[in-house]
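Take a look at these structures.
In the two complexes below, chain A is the common chain; its partner is chain B in one and chain C in the other.
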Partner chain A sequence: MKYIVCVKQVPNTSGKVAVKEDGTMDRSKMATIINPDDLNAVEAALALRDENPDAKVIVISMGPPPAKGMLHELLAMGADEAVLVSGREFGGSDTFATSQILAGAIAHIGLDKDDIVFCGRQAIDGDTAQVGPQIAEKLGLPQVSYAADIQQKDGTLMVKRMLEDGYMTIEVETPCLLTCIKELNKPRYMTVRGVLEFDQKPLTVFDFETLKDEPLIELDTIGLKGSPTNVYKSFSPPAKGEGVRVEATADGIRGMVEDLCEKHIV
Partner chain B sequence: MTNYDCKNLEAFHGVMVFCEQRDGVVNPTSFELLSEGRKLADDLGEELCGLLLGGDVQGLAKQLGGYGADKVYVCESPLLEPYTTDAYTKVLCDAVQELKPSIVLIGATNIGRDLGPRCAARLHTGLTADVTHLDIDTAKYIDFLNETSTIDTSKGKWDMEDKGLKMTRPAFGGHLMATIICPRFRPQMSTVRPGVMQCAEFDEAKANACEVVPLTVALEETDIHTKVVEVVREMKETVDLLGAEVIVSVGFGISKDVEKGIALAQELADALGGVVGASRAVTDAGWLPSDRQVGQTGKTVRPRIYVALGISGAIQHKAGMQDSEYIIAVNTNSDAPIFEGADYAIVGDLFDVVPTMVAALKEKK
Partner chain C sequence: MILNEKQQMLRKLYRDFAENEFTDELLDRLEETGEFDWDIFNEMAKYGFLGIKAPVEYGGQGGDSMDYVLMVEEFSRVSPVLSLYANTSNSLGSGPLLFCGTEEQKQKYLTPVAKGEKIMVFCLTEPGAGSDAGGTLTTAVEDGDYFVLNGRKTFVSGAPVADYAVVYAKTDPTQRGSRGISMFIVDLKLPGVSLGKPEHKMGIIGYPTCDVILEDVRVHKSDLLGPKDRGFATAMKTLDGGRLGVAAQALGMAQGAYEEALRYSKERKQFGRPIKDFQAISFMLADMATEIEAARELIYSTAEKKDAGDPEASKLCAMAKYFASEMANRVAYKAVQIFGGYGYIKEYKVEKFYRDARITSIYEGTSQVQQMVIAGNILR
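Entry: the complex of A and B
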């Protein structure tokens, strides 16, 4: 039994973002983190393994070699194995291409009847929420996105799927793919033992050679050139003109309110 | 479908809008998409159609014409109620393969973001997520860049004849904008952010003129691999952030006295005739329900007045409110990013500033 979790290393965009002169983001100047929703996906898999000790949690990520550091952290958190999908040919892939490569990598690992694929709902750098459902389609798996609760009952899962104004309870058989949201759980921390032992756990690299013959991967729709979507232009919105600094005094605030009234804003 | 080829660009025509409905109520995002789709179809000189799926939805079709649809294709089946990924994906993909629209728009709702990627993967084409602006005409796109970017459009070569869809979306929490194209495959697909596209005035005559076309669906129970056990609507006191003229949002700055902070925000909102919103820090902490959240993972709002109280202004938050007409920011930290782009910047403690503002507003009335 395998729980395969797709994870992504992302720049930490919660603070200031470093931008290069050409308007693209300067990733080298920004700290990287494990994508927050993906941590919920990892926790979901670890929690299910706690109930099913025979199961193995395999974390898989596509990215450049430094992403190994993130995979080490996830092994220290309790994952059993890690796979890094890495190759120049994969770089610049859009969500269609990425899902194709990850689906190929998951097929390479192999999926059995009791297996579950977990993804985070979306990554904070792209915010697309597309890769999970696209992997499910390529692998021919049923999907439940926006999972906020997962209960297991002999071969089937009961998943609480959030809607804007409520939720659905969905029954789904394994193998299936779930995309996880932050309401699902609280990710655990690495343990001391985990940190001491992570390097004894397998971390395998799947490069282009490993995956090029996987039937799910079409070689002409991967990477920057093959991706169906391309960036036509990218730009930063112009900085808004400097606003008015208002003194935090009674007079200052009264002045602002008067200004708002004069301009008929209020 | 034997004659379907996603690479044969010439075979695809017209704009299709997936019109989401649940329990017989059309999601208002569908009206926004039809209004926007109308403009795109006019630029192409082609047809705009709506696609409406559900158990008993025929009666909802005509009104979609009132927002610009020339035709509405209606697929009815008990298997299309309630929504399941498998059933909707099958019907939408079959409809696309039969009708071959060159553009497909889907609302970026929880359902749209479940359905869109699944369909794009099956149809073997690109999908752009959470789009906030769409163009066909290069000239209009250049105007858009001149208004909203620092790009010098007089430099560089432009293909003025290009009729490909230019899909613009915020990236990295709104710090960057990216325009995405899908040049090699059809249809060109995007999910569109709710609340962003301007909704057209409902036109009764157009609604009456709209052609409603039943579409037969080949859908079996065995096509659906999930079972919806129940659908629960949570009876929460809902606040209409999207429709609000004035929003007073609170951030982590209320942490020293949460209850009082929220009460002060409510007082100010009442004085201005608005509602209370929140940053992610506040909804994550459970101080306010998540339907109040403004920002990239919450709601995109563009009220006339947006007051940010104790919100530092992470780009995810700014992405959800930076198009507000007037922004008033109150924060104790003079370097808080929320001040960039604020029309009125008050460096001070919201617990002192807000009562003074409320008093000054009451004096004026």
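Entry: the complex of A and C
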């Protein structure tokens, strides 16, 4: 049994945003973290693995070689194996090409009857929430997004799917793909021994050579060429103006309430 | 010193854990009740924090002194008292077992301590034997398969919550000073063991401390730890590691106090400017940052040298503790000074750092004892 978790390294939102002259983000100049929703996906997989000790958790990420650092942390948290999908041919991919490559990589690992693919709901840098569902489509897997609770029994999963004003409970057969939200769980930390021994676990790099025979992987379905969307422009939004000081007088408060009504805040 | 990848990952783990789990609510509760918090202790056990240096075969993590020092530093940066929770089991509790426990003793005692299932504390100090630990009056007299222990140990950190204690007792009264002392593992549930009332302390509140009283306590010979009459050497060896831990604790709290003061100096305005713009304040911050960095380098390099078996390690551990604890007191003093009146108010973290810092130059050998150790080494 395998639990495959797709993870992404994203810029640390508490740091500064660096933008290149062409408008794309300069990721090399920004501190990185593991995408928060992806940590919930990892925790979901690890928790299921704790119940089924025969199962294996494989974390997989597409990115440049420094993303290995993130995979090391996930191995130290308890993942059994890590895969880094990395190669010049994959660079410049948008969500469509990214999902194509990740789907190809997952196909390369192979999915069996009881396997589950986990993704975070969305990454905090692009905020598209597209990659998970696209991977499912490209692999022909049933999918449940916004998973807030997962129960596994006898080849099926019962998944609580969060909606804005309620939730659905969905029964889904495996293999399937779930996208996870932060309400699902509290991700565990690394352990001391996990850190000291992470390098005893396999970390495999899939480059273009590794994946080129997968039907999903063609030079015109991946990378910049396989990407139907392009970044036209990106910029840091202007800083908010200074606040308004309201005098604690009847007139001051009346004025403030009027302003708030005007803006439909109250 | 440049940390390697694993050390950086550990630092991240310790920092994340401390920043997320040592909540203000928990810290306030510890301060108000003075009671041990089992939930956070059990959470520490889950991640392996209680057995960093213990070998994997005894339930530990198989780490080294550097891995341990980083933990104490990061925990203490957020909460000096919670750094003690993880400190005792790693240091004074398990140290003697690691040095001279038999296979059976390690299996029986070290394993549950390293896993955080049991707590073992260290009983050396007595009312009349503090810096002069050789003045131990507690006695152990052989009686068949047992030793009968009598005496009183004082200021035992963690005793109210402990399962076992390493107790130093005189087994050969004909030998003077530090000779003729042996170590015993005492189950604190044995008949004849009683505890004093928890002390009301100036700082590190939330990690209870009390006396341990031994009245005709029959300890089986299998619980004699190390060679008879030669326990004092192990005590000193254990204290080397303990001193490095206290140095790291002092370093962490100094860092915490400094960060508070740095932030506050940018927020607080006087005479129409943030107080950081005044040289009187910025120079204090510069001194704090410099001293902290100096202590950090000394502690890290000592940790590495200790593990490498450097013959200077004992002296360096004393130097690290001496410098870091005095430094933490100076830094905490300045942090309170920068906060002014607010620094004297309990709601502000620097007030607690100031009180907590005070113990670091006292326990596990006062600064003056460290000076004796250092002088003894360099004047040999």
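Here is the rule we use: the second predicted complex is superposed on the first by the 222 of 266 C-alpha atoms of A that agree within 3 Å, B and C clash if a C-alpha of one lies under 4 Å from a C-alpha of the other, contacts with A are read in each partner's own complex, and residues count from 1 in each chain.
One rule holds in what follows: a residue touches a chain if its C-beta (ideal position, glycine included) is under 8 Å from a C-beta of that chain, and two chains touch if they have at least 3 such contacts.
Quick caveat, the model's predicted, so the values are computed rather than measured.
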| item | value |
| --- | --- |
| First (chain B), second (chain C), both or neither touched by A:E73 | second |
| Partner chain in contact with A:A31 - chain B first, chain C second, else both or neither | neither |
| Residue contacts with chain A in the superposition, chain B compared against chain C | B |
| Residues of chain A that lie at the interface with chain B and also at the interface with chain C | none |
| In the complex with chain A, residue positions of chain B that touch it | 82-83, 85-86, 89, 109-111, 113-114, 116-118, 120-122, 124-130, 145, 148-151, 166, 170-185, 225-234, 238, 272, 284, 291, 296-297, 304-305, 314-316, 322, 325-328, 337, 339-349, 352-353, 356-357, 360-361, 363-364 |
| Complex interface listing, chain A residues touching chain B | 11, 13-17, 19, 23-25, 94-96, 99, 124-134, 136-138, 142-146, 158, 162-173, 176, 182, 221, 227-240, 243-248, 250, 252-254, 256-258, 260-261, 265-266 |
| Parts of chain C lying in touch with chain A, wherever the complex brings them together | 5-6, 9-10, 12-13, 16-17, 46-49, 52, 56, 61-63, 67, 71 |
| Chain C contact footprint on chain A (complex, rising order) | 69, 72-73, 76, 189-193, 195-196, 198 |
